[in-house]
């Protein structure tokens, strides 16, 4: 099945229990010779910071952004993402089992 | 040698982008109505501009990308589209105002009304873009623009009270007419911090093939060029304060502004003013049309360069051709260029956050700039400029709605 | 490599460093159990407008039918043609063969060349 | 809180668009008489083209006419509206005559008329200053 990546960005993701996880903001890919494989999806607000390459800007004011929520991103390996309905992506696991991105 | 000549980019940016119908009109109005009291607004606008222009140049020299390129690349197409709508609309109005300024200068020189000049003037501007190279536009406009030094000569000859002028560099509140004072302050800032200038300068650095070795040159050019524009604009304000205030004249029209230097330089004052406005508005018209064409071409990834023959970058040339053609229409219908000018400045102020906010991100981007990222001083200045521009936007938008 | 930061919206250059436009969209192939992979880069047409709103995409499609080179689908470049991803993205193609600059050529032929001094686009 | 203050501030600026008060109209009238005076003075020094000077005088003449009409409808409080109207009408006539004198190239007549206009300007200025405290 073909999916347009640009339209996938910003769509909300639910976990296996239907709980809201966040929005897809970035895709980590690996170039392997001629092909380009998707390794992981990044979900959450600070994935946007990563995408804007704005860490140097945000790091000094890290203290102010004390709320963990604003400051966190989940890294979802490709195996854990179910994109069979691209408009409503679902995780194959529960939110509590997700790994925080560094 | 090439680096020495690079100064012309600074001067053309300054003459065409800073000193144009908008800043002269507001400076003269401010001087006539409030004496030296609004000098601080020009100083503040110039200071912000020096930093923003320096950043635009540094960004291009280091990353080999323009600010527009990077805005699209970092923020994606949807955000870019929003900026595009706002910015292109405002630039278009500025272009109408500049073409009108050329028309008005020719009107006071010949007595033939400005609507008659709309078509010939637009044609000349288009032709210069069509046939000319970037270097020609750059050098031509900066040399012709030097005529504006007459503003400084006029101001000095009128023996200003330097102490009072220095006092005007600090913001204060006037006793009466607070509303008009505020409106003029907003317009002066809108006229000074004009985004088309940063886009133009950033593209110019690519056209002139700057690299990292230009960083010190760029700093020098941005500071000198924009200060040059700021000083000229302050001189216009001072001359207006000393010429119009004693006669009780409030300047509302171009015909009145034309009397700016007739007292200080009796013999040539009138013609120097007309020539100054003619050349600076011509420079600004070229700069604004180029800025619009650059904006589209860079945002959509078309080939662009003012130096290639038109068929080599057809879409780029097509954009400025259409824009210049459209800009002649309101003038043909006789819409007062001064009204367009005042409106475009308030709108510039209103759209400023859109144009300046990306700077904060781009100038701190390690991928584009590496070790040449902004330091805390530059970041503070950008943050303050964004803050000022938000306040300006909040003030300017209701003003527009209520038809001020 | 981060797809959105490093690839999406970057400028595309062909073998001879001619501008081809920007990465307006990326096509991903997702299987039931296989690892998803990026198959194509999409340029122009309705692609960028779709990112704003489907209504803009419909509008741009309708306008493109009335005027211009009348190309129906956005240009697709297979990912295997990507040579380098860096400051810009370099592709192992010739721009004229891809259709990415159909508009550029159309405007050059129909408008710019007809104005004196516009020059000529060389064939090929 | 600061948003409220900002909105208040912008409202103050927005009131810049309200119809001008009679005092402001007086200032505008003075401004246009002053403009005609400056344009005339510059012409006397042979430094401005005839057409420009005529056009500027005509503009001042028209603007002054509009202002005089409005001041007649709503006269400024504390001013002698009859003498105000007569001095404004006289200034307008003088400006019109200046225009004609340019066409006739009558420099001496022009200088005399210009002096008279300046005297009228001082008169209007005095009237305007006198009504200031009532504002």
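Just so it is clear, A, B, C and D label the chains in written order, and each chain counts residues from 1 on its own.
One rule holds in what follows: a residue touches a chain if its C-beta (ideal position, glycine included) is under 8 Å from a C-beta of that chain, and two chains touch if they have at least 3 such contacts.
Worth saying up front: this structure is predicted, and the values here are computed from it rather than measured.
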Between B-C and A-B, the pair with more C-beta contacts: B-C
Distance between chain centroids, defined by C-alpha means - chain A, chain B (Å): 42
Centroid spacing, where centroids are CA-atom means, of chain B and chain C in whole angstrom: 34
Chain A and chain D: spacing of chain centres that average the CA atoms, whole Å: 68
Length of the line joining the C-alpha centres of chain C and chain D, rounded to whole Å: 61
Residues of chain D whose C-beta touches two or more other chains: none
Multi-chain contact sites of chain B, meaning residues that touch two or more partners: 74, 76-77, 367
Contacts with two or more other chains, residues of chain A listed in rising order: 6, 9, 52-53
All pairs of touching chains, each written as two labels joined by a dash: A-B, A-C, B-C, B-D
Residues of chain C that touch chain A when the two form their complex: 1-5, 7-8, 24-31, 35-39, 42, 47, 50-51, 79-80, 82, 85
Chain C-facing residues of chain A, complex: 1-9, 25-31, 34-38, 50-53, 78, 83
Parts of chain A lying in touch with chain B, wherever the complex brings them together: 6, 9, 52-57
Footprint of chain A on chain B - complex, ascending: 74-77, 360-361, 364-368, 373, 379
Partner chain D, residues of chain B touching it in the complex: 108-111, 178-180, 182-183, 186, 243-244, 247-250, 252-253, 255-256, 258-259, 262-263, 266-270, 391, 394-395, 397-399, 402-404
